[in-house]
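I have a structure I would like to understand better, so I am pasting it below and will then ask my questions one at a time.
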Amino acid sequence: MSGQLSYLGVPLTRPKVGFFELSSCEGCQLQLLNNEATLLDFLNLVEIVNFREGMSERSDTYDIAFVEGSVTRQDEITRLTEIRKNAKILVALGSCACFGGVNQLKNRFRDLEWVKKEVYGDFPIDTMEVHPLADFVQVDLSIFGCPIKKEEVERIVTDLVLGKAVHHPEYPVCVECKANQNICLFELGEPCLGPVTRAGCDAWCTSNRRGCWGCRGPAEAANLKQLEEIMHTYGFNKEAVIDRLECFGGFASYAHTTLPQNKKTPIKRKKS
Amino acid sequence: MIFKVFKKEELARLHELLAVNIIVGPVSKGNDRNGKPLYDFDVTYDFNELALDYTQTVHSPKRFVLPYHETLSTFSITRDGWKKHVDLNVYRPLVFFGMHACDINALNKLDLVLAQSTYPNPYYMGKRKNLFIIGMGCNPEPQCFCRSMGTDSVLHGFDLFLTDLGGKYFAEILSATAFDLLTQLTCQDPSAKDLALYKHATKEKSKRYTATVDTSDLTKILDLEFESTAWDAWGEKCLSCGTCANVCPTCYCYGVDEHVDPDLKHASKIKSLHSCNLIDFAKVAGGHNFRPTSASRLKYRYYHKHRGFVEAFEESLCVGCGRCGAACLADITPPEVIASVRGKE
Amino acid sequence: MKLSCEVNVHHLTRVEGHGNIKISIKNGVVKKAQWEVVETPRFFEAMLVGKHWENAPYISGRICGICSIGHTLASIRAVENAFGITPSPQTAALRLLLKHMETLQSHILHLYFLAAPDFLGTGSVLPLAKTHPEVVQRALRLKLLANDACDIIGGRRLHPTRTVVGGFTMLPEKGQLEKIRQRLMASVPDLLASAELFKTFTIPDFSRETEFVSLKGDTRYPFIGGGLVSTDGVLKKEHEYRAMTNEYCAEGFTSKLSKLSRASFAVGALARLNNNFPQLHPAAREISESLGLIPTNHNPYMANVAQLVECVHVVLDSLRLIDTLLGSPWQEPRQPVHAKKGEGVGAVEVPRGILYHYYKFDKNGKVSKADCVIPTSQNHANILHDIEALAGQYAKTGKKDREIELLAEMLVRAYDPCISCSVH
Amino acid sequence: MQNKLNFIDILDQTSGARGGKEDPGSFEYTLSAEITSIYPLTATEKLYQIQIIDPDQRKRFSFRPGQFVMLELPGIGEAPFSISSSPIRHGDIELCIRAVGNLTNFLARVERGTRVGISGPFGTHFPLEKMQGQDILLIGGGLGIVPLRSPLLAVLENRSRYGRVDIMYGAKTPAELLFTYQYEEWRRFDIELGITVDQADKSWHGRTGLITELLQERISQTPNLRENTYAIVCGPPVMFHFVCKMLTEAGLPMQKMFVSLERRMHCGRGKCCRCNIGSTYTCLDGPVFDYWSVMNLKEAI
C-alpha cells in the first residue's frame, strides 16, 4: 500500500478509487471482496478512498468511481451527478448500472402507481422508472454481468493502471461455451441466449448447464432475428424469447425488432 | 504396411497394455433432446468407459493438440528487466483409442501447416509427436461428406488402424511400437477370407454415405463466385458465433492476449483459438475492419478451407466430418453452402 | 454528569445498504433515537408478477448480493411447495451443504471485514492487512474455502447457476467434494483461532429483553424449512409465516417492519442459537459456552459471537453431509417439474435470520402474487428499540458523542443488516 | 512398465543452433534486445534504436529491406513493425513506431535501456538486386515512409549501382513529416526528393498538394517507364491504389511495382491466420508484394 508503482521502468500512478451503489443487490461490489486469492495485490494496485460497504473512511477525491446499481429514485440522479463531477473515470459496474439490470423489469408495467400499491399498499413511497447510468451521465467504461466476474474487474483495473485500453470481447458467449467443451443446451432441450450475448463471462451459466439469460447484453453482431428462428425451431415460443431478452435490460435496443410493438409488455390486471 | 487380425476380446487386453499411459477415447455423454446418443472425447480410465461404436463426437479431438487456450509464455518482471519462460505444455505421451479416419486425416492436414512448413509450431508438434493413435473404422452419419473430400480412409498419421470384421478386428500397423504391442496379443496374419471380409466391409461402408459435396473445380468456382449473392443469404443467417470453427477438427486460427497480473510482477501471453467468423477477426489498430459483414467472414472461412489451403498444400482444409453443420444453430452446412455457391440449390 | 449529545450517521458504513442513525440527548434525556432506512425500493414482488415460475428463483435471488444462495433456495422451496415437489435426499443434502457454505462465507465476511475493525479500532480491514496480516490472511482463507465450495456445488458463489426448481442442473464431481472435505478439516485451526481472537474483544455490556424468532430444529440445527418458533412461545407452521411476521409500513423506513408478541422481535444467528442450542454440534456448543454465550442471551452484540459459533457448527455439519454424499452413487440431479395452480411458502434460515418467499401461481405456472419477508426487515424495529434503550442507558452514565456513536454503529452492525435486501 | 510410451521432447530432437528457420525452438524464444535510444520524430511517432543484446545473435541477425520484426513487451503486447534501418547494421535496428494502441502507446512511455523481445526478421523483401542499374521510384504516404527508409538506406550504401532515385513523400501536415533531419543528407547522395503536404502552415515553404501531382511531373519527364524503372509504393490503401494505377498507365509493368501491406498479425509465422487473405499470408508471402499479386488478392486493398 506504499511505494511507487512501476512496470518495465515506466512509473505508474496508483489511482484513487471509490465504490458507490445506487439501487442494487451490492453483489458486484462484493465480488471484489470475493477475490480472496489476489485481494491484497489488488489493494496494493489502487488506493481505495470510498467503499461504504467495507470501510468507514471516505473522501470525495477519486480518479475512478465504480458505480453499481441503476437509478430508480430522483435523489439517485443527484448523487450520480455528484459522483460524475468528482471522478475522472466513471465505471458502470454490473448489469444494473449498464442496462438497468433486473430492476428494469419493473418498467414492464406502465402504471407505476399499481407497482407501488402491489408492494406497499397505501403507504406513500417514492420511485420512478428504472434507468441505466448512461441515461443521466457520461459513462466511460462498462463492466457487464450479473454479477460481474471478479477476474474481469481485476484485469480491467490492472489494465487501467498500466494505461492499456480496455476491450470487451465482441463475440458471443457460444465461443467460450464451445471452448469449455460443453454440449449445446439447445441440443439438450433448453433455450439459451448464448448466440447473441456478449462473451467475457467464460460461459459461466452454460458451463453449469444452465441457459444464458443475456446478463452481459448483446454481442457486437448479435443476430436476434436468427435467434428467434432458432428458438422457434427448438420449440420455444416467442414468450420464452422475450422472457429472457427482457430480463437484464441489455437487449432494450433490440426491443423494437423482437419484442411486441409497444415497449412495455402489457400485463392484463384487474384494477385492485 | 503390415496387416494382422485378432479376436475382438483381445482389444481389452490392448487397452490394458497401454493403461500405464493416459488414454483418451470416445465416451458417452448422454442423449440429446430427441434421445439420440451423444459422444465426446475424454480421458478414460477403464476400457468399459470407451464407447467404441460411437457415431461421431460433438467436438473434434483437436483440443488435445491445439487447446482452446494455451499459455505460450510467462514472464517474471523485476525492477531492472524481465525474463521469459516458455513451456510447451506437454509432458507425457497420449494414447488416442478409437479415432475415426476423418479425425486422423484432420491431424495430417494440421501437420502440413503447423509442423511441416516454415516456422513449425512447437506447441503443436510437441503434442502431435507424442500421440499414439489407434484408429477405428466408422459408421457414416447423415452429415458425413468425408467421401467427397477423399478423407473417408486414412493412409498415414496413425500407429494402428482397426476395422471391425464381425468377430475380429483387421489391423493395419504403421509403427514399430504398435507392432511390438500386437506381439503381446494373440494375432494372426489375415487369411484370404479376412481380406475378402475387409474389402466387403469397406465397400458396404462406402454405400452408406448420403451427404456429398461436388468438389470438382471448386477452387476455381470459389474464385469466380466471389461476388455471389449466395454468400449474403448465408451471411444473414450466420450468428457470427464461431461454433463451426470451434468444433472443426482442422480450424486452427488463433489470437494472442497478453496480461499483467495485479501484482505487476508476472505477465503471461495466452493464445486462444479464434474464428474467422468472429466480428473482430480482421480488425486492426485504429478500428478498421477488413471484414465487417458476417457474409464476408463466412465466405472467408470457405475460401481459406477450399481455395487458399488447396493452393498452398494441394488439398483442402476440410475432412467432411460435418461437425460444423451439425453444431451450427443456424443450420449452415458446407454441402448446402457449396451447392448454393455453385448455383444449384 | 448529565449528558448532551448529537449523533447523526448518514449512510452507515460497513453494512450492506443505506441506513441512518440519529440520536439526540439533552441533559441526560433522550430526545430522539432513530434508525432510518432510506434505501431505494426495487419492487421485486411486483417485478415477478406475470413471470413464468422458472424466473422466480433466478430473479428473486438477485434481491441480495450477500445471501443470494439463501434467497434462491427459499424461492425454490416456495415454488416446489406450490407444485408439490419434495426434493430428493441427495438434493436436500446438497442444498444444505451449499447453504452452510454461504453461511460460513457471509459470517466470516461480517465478523472479519465489517465487525472486527470496530473492536480493533480501525475504520476498515485495510489497515489490518498491515498490522495484523495473519488475521486478514486467515479470514481470506476461510472465505475462499466457503466460496470455492459454493462454486463447486452451486456453480457460482454469487447468484448461483446450478440451483433450480427440482434439484440441480448438474452435480459436483466427487473428487471436488473430497477436496472440499479436506480443506474443511484443515480449516478447524483457523476457526479455533477466530474464537481466540473474539475472546480478546470486549463485547459492550448491554441487554434488552427481546423476543427471538427462528426456525425450529427437531433433531438438527435448522436451516431449510420446518416449523417457526419464538422465545415467547409462539409456534407456527411454515405456511403461516404471515402470522409470524405481521409486516407493516412506518415513516422513516422504505423497508417494511415486523412485530409479534411485543413491539419488535429479533431474528438471526442469536435467535437461532437461543431457540436451538441443544441441536448445535457439541463442539460448537462448547465454544459457545467458552465465549460466554448461553441461551437465552439478550445482548444484541452477542450476535457476533453467535455467528462465530455457527461457523464452527456449519463446518462440522458439512463434513457429515459430504460423507453422506460421498457414501452413495450420484442419483439424477434434477426431477421433472410440472407447474400447477397454487401457492407455496419457503422459509429458510439465511445468515441474517429467517427468510420467507411466497408465490401464488396461475394455471399456466405464472406468478400472480409474490411476497418476500426479509430477515433484516424483521429486525429493523428491534434495532430501533435497541438504539433507544442504548441511548437511554448511556445518557445516564455519561459518554462522549463519539463513544455513543460508535456503540450505536456497532449495535447496528451486530445485526449484520442487509438493508438493500430488506427493502428489495 | 514396458508399455509406457517414450516421451519425445521435440526441442531436444532438433540438432544445430537455435534460431534456424526449421527449428521449432525458435517459435517463442524471442531475442532479448534493448532500446538504446529513442528519438521523438513527431507528436505520435518515435524512432527506436534497438540492439540485440547477445553479440553473437546480433551478428547472426540479418534482414533485407522490407522485412519486419515482431516486437514484444511482456504483458503489454506483441506486434509487427517494419525495420526502418540499413540492412548492413544487422542486429542493431531502427523501428519507427506510431502510438496507436496498447503496445505502441506503452512503448511511447518507456525509457532508454528498456528490454524488449524481438523475433524475426519475417516476410518478403524488396528485390533490390533486381533493381540494380535501374531508376527507382520510392513513393510513400504518411507512415509509408517507414518501410521505404530501409531500401533507401540500402541504395545509399551502393549509390553508384542504381540509376536515378526519386523519393516522393506526402504527409497531411508539415508537423507529420518524418525524418526531416535526414532530407539534406539524402539530397547529398543525389536523391531527387519531392515532398508535399496536404495542408500547409505558416512555416511551410515547400509544396502543397497530393502526391499524385508529384508523380505526374516525374512521369512527364520520362517517356516510358516500362524498360528502366522500378517503383516501391507504401502508404494507406487509397493512396497506393491511385499511385499504382497511374504508374500502370505510364507503362510500368505490374511486377515492377512493389507495395507493403498491413494486416492484423499475432505470430508473424503463418500460423495464426489473422493476416491471411485467401491463400496468402501477409506475414510469409508478404508484406512486400508486387502489384500483380495484390491485384489477384481478393479484398487486399
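Letters A, B, C and D mark the chains in the order given here, with residues in each chain numbered from 1 onward.
Here is the rule we use: a residue touches a chain if its C-beta (ideal position, glycine included) is under 8 Å from a C-beta of that chain, and two chains touch if they have at least 3 such contacts.
Every value quoted in this text rests on a predicted model; they were computed, and no experiment measured them.
Novice: Just to be sure I understand: the centre of a chain is the mean of its C-alpha atoms, right? Then which chain's centre is nearest the mean of all of them?
Specialist: Centroid comparison flags A as closest.
Novice: Looking at A-B and B-D, which pair shares more C-beta contacts?
Specialist: Greater number of contacting C-beta pairs: B-D.
Novice: Can you give the whole-Å distance between the Cα centres of subunit B and subunit D?
Specialist: Centre-to-centre distance between subunit B and subunit D: 37 Å.
Novice: Taking each chain's centre as the mean of its CA atoms, how far is subunit C from subunit D in angstrom?
Specialist: 65
Novice: Quick one: report the Å distance separating subunit B from subunit C, using the average Cα coordinate of each chain.
Specialist: 51
Novice: Counting only residues that touch at least 2 other chains, which ones in subunit D make the list?
Specialist: 74-76, 101, 115 - these are the residues of subunit D that touch more than one other chain.
Novice: Which positions in subunit C are in touch with at least two other chains?
Specialist: Not one residue of subunit C touches more than one other chain, so the list is empty.
Novice: Please list all residues of subunit B that touch 2 or more other chains.
Specialist: Within subunit B, the residues that touch at least two other chains are 77, 82, 259-260.
Novice: All pairs of touching chains?
Specialist: A-B, A-C, A-D, B-D
Novice: Going by the contact rule at the top, pick out the subunit A residues touching subunit C in the complex.
Specialist: By the definition above, subunit A touches subunit C via 1, 21-31, 33-34, 36-37, 39-40, 43, 48, 51-58, 72-73, 76, 101-103, 105-106, 108-109, 114-116, 118-121, 123, 125-127, 146-147, 204-205, 208-210, 213, 239-240, 243, 247, 265, 267, 269.
Novice: Would you mind writing out the residues of subunit A in touch with subunit D in their complex?
Specialist: 7-10, 162-165
Novice: Hey, which residues of subunit B end up touching subunit A in the complex?
Specialist: The contact residues of subunit B facing subunit A are 29-30, 32-33, 38, 40, 58-59, 63, 68-69, 77, 80, 82, 236-243, 246-247, 259-264, 272-273, 275, 278-280, 294, 327, 329-330.
Novice: Per the contact definition, I'd like the list of subunit D residues that touch subunit A in the complex.
Specialist: That would be residues 73-76, 101-102, 105-106, 109-111, 113-115 of subunit D.
Novice: Subunit A touches which residues of subunit C in the complex?
Specialist: Against subunit A, the touching part of subunit C is residues 11, 13-17, 40-43, 45-47, 49-52, 55, 58-59, 62-66, 68, 109, 113-114, 117, 123-126, 129-130, 136, 140-141, 143-144, 147, 155-159, 161-162, 164, 169-170, 249, 254, 256, 420-421.
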